[in-house]
Every structure is written in structure tokens, then in C-alpha cells.
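Each of the two complexes below includes chain A, the first together with chain B, the second together with chain C.
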Partner chain A sequence: MTPEPILRIRGLKTQFQSAAGVVRAVDGVDLDVYPGEIVGIVGESGSGKSALAFSILRLTTGRIVAGEVQFRGQNLLDLREAEMEKLRGDRIAMIFQDPMTSLNPLMRVGKQIGEALRYHLRLSRRAATAKAAELLQAVHLPDARRRVHDYPHQLSGGQRQRVAIAMGISCTPDLLIADEPTTALDVTIQAQILNLISETRQRTNTAVLLITHDLGVVAQLCDRVAVMYAGQVVEQGRTADVFADPQHPYTIGLLGSTPHGRQRGEPLRPIPGQPPRPGEIVAGCPFAPRCTLAEEHCRRRAPDLIHIGGGRHARCLLRTEVAYESAS
Partner chain B sequence: MSPLLEIRGLVKHYPVGSRFSAQRRILRAVDGIDLAVHPGETLGLVGESGCGKSTTARMIMRLLDPTAGRILFDGQDITRLSGARLKAVRRRMQIVFQDPFASLNPRKTVERIVSDPLEIHRIGTAAERQARVYELLQRVGLDRRHADRYPHEFSGGQRQRISIARALACAPQLIVADEPVSALDVSIQAQVINLLQDLQRDLDLTMIFISHDLSVVQYVSDTIAVMYLGKIVEVGPSQAIYHEAQHPYTRSLLSAIPVPDPTRRRSAPPLESELPSPINIPSGCRFHPRCPLATERCRREAPEFRMVGAQQVACHNI
Partner chain C sequence: MRRYVTQRLLSAVIVLFGVSIMVFMVLHLTPGDPVEIMLGPTARPGDIERLRAELGLTDPLPVQYVRWVSRALQGDLGRSIQLNRPVLPELLSRFQATLILAVAAAIIAFSLGLLLGVISAVNHNRLVDRVVAGFAMLAVSMPAFWVGMIGIVVFAVNLRWLPASGMYPPQGTPSWGKLLAHLVMPAATLALVPMAVIARFTRSQMLEVLSQEFVLTARAKGVPRARVIIDHAFGNTLVALITLLGLEAGILLAGAVYVETVFAWPGIGSLMVEAILKRDFPIVQGGVLVIATSYVLINLLTDLLHAAADPRIRVT
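Here is the complex of A and B:
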């Protein structure tokens, strides 16, 4: 039997007001995350993946207009701000793309890590510093005992991301949201950080929601993946299944765009056109204008995310028909 | 066939620290590299941040003056050229930068941006220049309707197309593309890579393609040179480097690339520790502190290039 998901998002919608009108950054997202699993949210710039992450923690600058975010059985959208504060950094932690902007440049890293420990676990200053050094050791920061006294600028990008991870896992959260945690890093350092995330999950059984634009990172790290396009999840399933047999034309297009393993001269198969601009409303399926398989009705009717068997979901009218045919 | 571009012993050092300090130190951005690119060929230059690949690109374009070494373009030494003679060479080589937001003047229309090189080099009449702009826009997958617009009206991928049109304006022989697709989303990245490949074939361009992404570089290049801390550590045919990398750094770079294939999870453990500072370059082989194969000799003695298989490798232990 399957355990209860630790995070259960239903119909989540987040909107921004801009000069171009209402931007529907998150446009009806359903997503489950189970304890101890790593779920990848993959999509390109503007697909709404970061807005989704920020909405879960209610840190978004936009307006959450609909849906629910059930975390361990309670809807986070119903909580008072004070209750949210107790959760953030304790049960749900987040790490960001650029550790230089997410760390306080004027505070020693040990003290920053200690802040969460003192606030959530009520540790003494001394105990918090000692625990911070332990955490830095756990994330393999070289010379951790001495480094607790460093300021962020004294560390390299990879080391700062280690500090951010140490801070994220300091209260052993149930869920860690990592928003492009390796995008600013070189590949060899990225490999180290991905290993660290995987190792952390093994050790603490923390579930990880990993936001990334990199299909390679998803393939290497995630148990399940949700592909986002124009604010919606267009496909989700186990990583191995989605990569082996992608169902949504957008996923197929993304995989066809990567030069990995392709010989010279063998042309890439890019997705034609551009994603919709923020605020642009596309009638029917938002991907239809770029979709090589789109038919007339795709431009009129917006598809739902439907279960297509084997724990997989796709948001595509073509798949919907196939599913209905096989069901009847 | 003689190379279109050749660089010999190219060096760029920057003094760092106070001008009056006794401990004035040297940052060795590029520390003696040799390369040759033949007509119609693409050379891929790959390495992580700070390895000196962009500095090399800028020296080739003569946007930076080398500390030492020579740059030969079509047999002519252009290392110290200036004035009209430098301008004449520049017409024949152009650069495309990484950031399509920073490399286009926001106050100029696309037509002005693309026709600027033509004006600088006094090519054609106003009408001819305009016709050329329209032709170029079409060539890169835009059209004449875009000519009156400003860069902010375009997406990243379209802006990169504008940069490419500008680079092509004077019909150069050599294009240096410095991380041209790194700022773009994958689906758009593939469009721009395809465009560059088509252009190269149709216009018989020679290209230097610089990237940190070995999987992109292997796809577009005939030859790959791998840089580490200001030096080339391995150079050879693209497929040989990608499939039979010899240098331990190239190997770890390859194994660190997250492969978009869940059935092939990374086998080798990632490289330990971080890139040393180019101010404080390790003795001997500069890769030795991170190298799984390092021996005592590597600490003392810098390796020379040797032929191993189809490529040249600078390593004592291969």
C-alpha cells in the first residue's frame, strides 16, 4: 500500500499583476510528494516552476487565487502567517539558486545556520554554533570547524551552496525545496552538490522537491518528475518511464532538443517557436502553437491532466483520446 | 591546408593587488596555449569558469592585448596590429557573446544594430545596407518586420539571432562564439545550435565555439581543446575526446555532466575539492591536487603534450 503523500497540491493558481495584464504563473497545478522521495519539477524559464516553489512556502510576491497545499494533512493556505513562520526552515526548508543572495553577507555562516536552530529548536547560542559546525561537516565543507567563523564572501560558490544546504537541513525538515540549486555552479561542483542532496535524502529521509531546467539533473537524481509548461504540469510520472517513453509532445520536444549523445551532423529536433509571453492567453492547449502534432480541436479545447496508467499523467488531448479508447 | 587561425604560446597575465605592495601577485588567466583552426572547421574550447576560455576568445578578437605569444590570422601576425590594418582584419572575424541582453544596445533598433558593422567598414550604400540587413534577418530566422523594433521586444533566443546576424554582416571568415547558447532554454538552445550549424555549412565559416558544456561542444565541433586553469590539457578530434577521453580532467568533466538518461547514472565519483585560484597555481601539473592519478612527479614537473590515441594529452600518467 502506498503511504500518504507529505505534500499534496491541488488546483494551485498563483497570479501576478503586470503591465501586460494578469500573468497566470501557476495555473492549476496538482502534485504529490511522498516521504523520502526526490521529485523533479522541470521546465524552461517562465514555465512557473519557481513561482510554484515560492507559492508552496507562501513566499510568492504574486497572489495565490485558488487551490490548496496540503502539507502533512493541513492546508498551508489556511494557516496564519505566524504558523507559517514556524514551519519554514523547520518542517519545510528551501534552498535557492544563488547562495550569494540568499545568505546574509554580514553574518558569519555559523551564526546564520544557528539562527534557525535557536528559533525552531530553542538551542543556546553555544549549542547552536556547535551544531552548525557539525552540519557543515555533514555537508563536507572542508575545514568545517574553522569555517563556521567565515563570512559568505570568503567561500566559493560551491561552498556557499553547501552552507545553504546545511542551513536547509539543520532542523531535519520533512520537505526540502531546492530551486535550481546547481545552476550557478560548474559541472564538477554541480556533481558534488547533487551527490550531497542524494546523500542527505538517504540519511534523513527528507523529501526533496527539486526545481531545475536541466533534464540531465532530473535523470540523475529524481525518482519522479513533473514537466511544466506555461504554468501547468503537462506530464508527470516516474523518471525512468518519462524519459524512456515521453507522452506529452512538449516532453518529447525537450528530450529531442538535447545534444547529448547525438553525432555531429545529425540535426537536433528543437521545438519550433517560443513559449507564450507572460500574460499572453493562448486559446485551447497552451502548447498547441508549437506542437507538431496539434490538431484543430487542440486550439479550441484545453486538455486536463489525466491519468494514463502506471502512475503517469499527461495533459494532452491526443493522449486523452487514447486513454478513453482503451478504457471503453 | 594551412590554418586560418593559429595561436602560439598565448599568455595573458594580470597583476593583482596594490600597485605599491611588495607582494604584487600575478593572475595567470591564460598561461601559454597553442591552437590552430583550419578553414571551415569548428574548434570547440571547453572548460569550467575561470579556465581562461573567454580571455582566449577576447585575445583572438584583439579585444585584449596578450602578455606574450602570437596570433596569426590567415598567415598574418595580427598580435600587434593597430589602426586601419587591425580594422581590416576585424572585418574578417566576428564574435557572438553569451549574454544577448548585455551585448545589444537597447537604444538602437535591430536595423541599426545589424547595419552598424557595415557602416563602420563603409560597405555599400544606405539602400544596399538596408537590403543586406533584411537578407541577414531572414537568414537567421527573423524577418524584415523585426527591423524597426528594439532588443527588449525580443526573447533571449531571438536576441541571439540578432547577434548572429550582426556578426555575419560583413561576411567574416571566422566566427568566435563565446557561450552563445548558455543563457538559452534547451528548446531554444537547439534552434540556435541548428542555425549556427546551417550557417557554417552554407557560408563556409570557420568557427571557434566556446562553452562549459562538453555535450554541446562535442556536437558542434570537429576538434576539441579542453582547458584547465589557463592551459590546454587535451586536444584532439571531437569524437575521440568525447568517447575516449584520456586526460583525467577531461574524464571527470565528462562524468560530471548529468546525462539525460536515467538508465545511465553516473559511475565515477565526482571530482574532489574545488578549482584552485589562478593567482596561486599549483606546482607541476596544475591539475594534480584534484587528480585521482597524481604521483610525486606530477607535483614537481609540468607535463608536456604527448600523442595518445588520436589526441594530444598533457599528463604523466596516461
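Here is the complex of A and C:
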């Protein structure tokens, strides 16, 4: 028997109003996250991965127009704001991309870490600071006991991201959403932070939703991966399977355009063309204009996300036919 | 931090030095010979020469400057031609009245300005925001002296709620209550424009802060929205506004001149207006020096406050 997913997203749509019209940033996303696993969300900038993350926490500036976000069996979209506040930072926490801007420059880091503890666990100021020092020790910040009294500007980028992680795991959440947590960091620091996230998962069994555009990060860390394109999940499956045998032409292109998916000596092949502009509505498959395998009907009919066996899903008419053929 | 304070103090001293030179030059750049003015058109040439030598006006300018500064440092700013009294005590007693007025206006302008700005930003683009914006626009565009006169007509003449002018009633013993009644209208008039300016800057600064990621971090931690605004956004807004608040404090001090004239407030502004009209140069000179010095002090205080409030400045 498979365990229940801790997070089950169905048909989630988030839209932004812009001068160019309605932008469908998240356009019908289905996604499951099981307890203790790390799920990667990859895609180009503008593919809707961050909008998805913010929609889960209901912190998006856009409007969630449809769908469900089931967290431990409860639809978050039905909750009142006060109930949502109880959940944020306690059961679902988030880490942001740029540790230079994601910490309050005027507040000591110990106090910032302690905030969630004070709101959710009702700790006293003193207990919260003590716990903050412990958390900083847990994320391997040297001299943690003294560092709680530091201001963010006294720490390096990597150290700040450790603080952000300490903040995220302070109440041992069930789900940690990490929005490009290493993008703003030096390469050597990136590896340390990724190790830290993986270590945290092992220690606390916290599920992690890792948003990234870096396939190397996904390969290194994620149990499963969802590839996003134009606000939709186009392929989903176990990381090893997806990397070894990508099913969606976009995934194939993505792997071909980065060094991680290539043999040494093989040239990189960028995906031709551009993703649809925000607000642009493409008839048929949104990837068809860039797809080397696209056929006539790809430009007319939008494909659904189809289970293609082995826990894998793809949103491609070509695969759909294969799936239908093998089923019949 | 210590180095920063020393630096600021040093630059304040340098500015004051420049101010003293300018103030000193006022007397020498004014058309007409002060001695001739003092003695009048009927004076004999010999008397003029004698008084000029007596006053040290025949010495080279640097010598005169040093003498003037060393006297000023000892609190001797000369004697008023009109009142025939030492300038400094006169200036100080008038300056006290100005200070009371300016501080009262600052309390009104800062508290209401910040409050309105925050309310506006939090209700971005909603009705409240637009009402505040309209009110601020109106307040900025109305000249203070006109508002003061309208206030006198409405509250003093027609409604008889508040006294029209002065600091205390002409008869009777002064008291806090009487002072307060006399203070309300001039302080409110003086506060109006700075309040509107502060409200507008607070609004835009607060919006800027609210769009920053650490605000989102706080929300993602589960901090309620109201607490995010109080604990995270307001502090950062205030730090960014300290410079503006310092400037406005200076403006309140200098702007008091108009309001003092309209409400016959016995402050340094109205004293200087009288002195200018009567060519009482020692008073003008001393008055400029006092106001300029307080300006420099406010600036110094602003910088130090900024350093104290923003940890990023402290280490450099």
C-alpha cells in the first residue's frame, strides 16, 4: 500500500492581471508530494514554478481561480486566513531564493528565527533565542551561540541561507518549499546548502518541494521531478527514470541543452524558439511551436497529463497515442 | 560607531565655521555704513571716524572676524540697536517660544504624517488611500499664512473656541492650559504641509518595503499581517525616512517665521522680521546664527539617529 501524499494538488490555476491581459502563471497543475521525499520542480524562468510555490502557501499576489491544494487531507484554499497563518511556518515552511533580501536587515537573526517559534509554539523570548541558537548549530553555522545576536549584514550569503533554512525548519514542518535556494550562491556554497537540505530531510523526515532551474540540483537531490512549461506540468516521474528516458520533447530538449544530461564531448543543443509570452494563449500544445517532433494535430489539440506507467506522467499527444495503443 | 560620531561632529563644526563667516559677512555686504546709520544724517565726520575706530571697524576683516567669533563664543553677540539691550538673552527668550511652537508642530506632523502614510500604504489603491492622497495634495497646496488666517476667522472670531494670537493672554498669570490653547492653531497651521509631505513619503516608502522579500519571509513564517507591518515593515520604513524627518524638522523651525507673524507668536521669526524692517543688524546677525546653528544640530542629530537605528551603518 502506498502512503497518502502529504500534498495533493489538483487542477490548480493561478492568474495575474497585467497590461497584456490575463497571465495564466499556473495553468492546471496536478502534483503529489509524499512524506519525506524531495520533489524537484524544474522549468525555465516564467514557467510558473515560483507562482506554484506561492500559491500553495496562498501568498501569491495573483488570483487562485481554480483547483485544490490538499494538505494532510485538508483543502488549503478553503481555509480562513487566520487558519492559514497557523499553518505557515509551522506545518509548511518556505525558503527563498536570495538570502540577501529575504531577511529583515534591522532584526537580529536569532529573533527572526525565533519568530515562528513564538507564534506557533508559544515559546518565551528567551526560550526562542535559545532554540534559535540550537537551530543555527543544526545548520552548521560556526559559533552559533554568538551568531544569534548578529544582524543579517554581518553574515555571508551562504551563512544567511543557513539562517533561512534554520528559520524554515524551526517548527519541524511536514513540508518545506525551497524556491531556488541556491541560485544566488557561489557554486561551492551551493553544494553545502544542498547537502544541508538533504540532511535535514533525513533527520526530520520533512518533505521538500525544491524549485530550481538547475537540472544538476535535481539529479543530485530529488527523488522525483516535475517538469513545468508554460504553467503546466509536462512530465513527472522518478528522477532517475526521467533523466534516463525522458518522455516529453521539452524534457528531452532541456536535458540536451545542459551539460548534466550529456555525454562528454557531445555538443549542447539549446531548445529553439521562446516559451509563450506571459498572457499569450497558444492553441493546441503550448510547446508545439518549439517542438521538433510536433505534428499537425499538436497545434490543434492541447494534450492532457497522462499516466504512462511506472508512476510516470507526460503531457504530450505523441505519448498519449503510445499509451492508448499499448492499453488497447 | 565612535569613528562615525567623530566624523559627523567634525563636519558639523566645519559647517558652523562656514555659517559664522557668512553671518559675519552679512554686516559687511549690506549696503550703507552701519556707523552712519547708527549716528544718523546729522553726525559730524569726526564723530563717524571716532566711532568707527572705537567699534574696531577700521581693522582688517580677518581681525574683525576673529574678534567677533571669540566674543560670540563667550555669548556676546553685541547689543541691539533698537532695544539697546544685549542680543543673546533677547534671542534666546524668543527662540524658546519658537522651539515650543516647532516641537508642538513636529509632534503633530510626524505622528499624523506617519500614521496617514502607513494607513494609505496598507490600503493601497483602496478608498482610504485615495482620500488620504487627496487630503495630502490639498494640504500641500494651501499656503500656511492663508490657512492660519482662515483658522483665526473660523475658530477665534466666529466660534470663539481658541485665542487668535499671542502666546499667553495679555492679562493674568501664564499657565500650561493657556499656553496650550494659544498653541493649538499656530502649531496645527505650521504642521499642515510637513504632515502632508511626510504622509506621502511614508506611503511610497512603506509600499517599497512591503514589496521586499523579507516581508514575504515573515508572512511565510506565519506572522500575522498586522504584526508584519508593525514588526518588520514599519521599522524599515522609518529608517529610510529619518533623513526626511530631519529635513522637515529644520523646515518647521525655519517655516515658523510665517506662522509667528500671522499669529503674533513671540518667536525668533517675528523678532527677526521686525529687526530687518528696523535695520537692527546685530539682532538679524544673531538670529541667523542661532537658527543656522539649530539647523546644523538637527542635521547632526538626524545622522546620529540614523546610525543608531540602522545596524548596517554602525560597523562602517
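Please note the rule applied: the second predicted complex is superposed on the first by the 319 of 328 C-alpha atoms of A that agree within 3 Å, B and C clash if a C-alpha of one lies under 4 Å from a C-alpha of the other, contacts with A are read in each partner's own complex, and residues count from 1 in each chain.
Throughout what follows, contacts are C-beta pairs under 8 Å (C-beta built on N, C-alpha and C of every residue); 3 or more make two chains touch, one makes a residue touch a chain.
Nothing here was measured: the structure is a model prediction, and the numbers come from that model.
Superposition of the two structures on chain A leaves chain B and chain C fitting side by side, clash-free. By the touch criterion defined above, A:Leu7 lies against neither chain B nor chain C after alignment on the C-alpha atoms of chain A. With both structures placed on the common chain, the touch criterion links A:Leu209 to neither chain B nor chain C.
Look at A:Leu136: by the touch rule set out above, it reaches neither chain B nor chain C.
Residue contacts after overlaying the shared chain place A:Gln220 against chain B, while chain C stays out of touching range.
In the superposition on chain A, contact of A:Phe243 is made with chain B only, not with chain C. In the superposition on chain A, contact is made by A:Asn104 with chain C only, not with chain B. When the two structures are aligned on the shared chain, A:Gln274 is found in touch with chain B, with no touch to chain C. Superposition on chain A places chain B within reach of chain C only down to 8 Å, the least C-alpha distance between them. Common to the chain B-facing and chain C-facing surfaces of chain A is no residue whatsoever.
Against chain B, in their complex, chain A makes its touches with residues 44-45, 142, 156, 158-159, 186-192, 194-195, 213-221, 239-240, 243-244, 253-264, 267-272, 274-275, 277. By the touch criterion given at the top, residues 48-49, 155-158, 185-191, 193-194, 197, 212-216, 218-222, 238-239, 252-253, 255-263, 265-266, 269-271, 273-275 of chain B touch chain A in their complex. Of all residues in chain C, only 212-214, 216-225, 231-232, 235-236, 239, 309-312, 315 touch chain A in the complex they form. Listing the residues of chain A that touch chain C in their complex gives 57, 59, 81-82, 85-90, 93-94, 96, 98, 101-107, 112, 115-116, 119-120, 151, 153-154, 164, 167.
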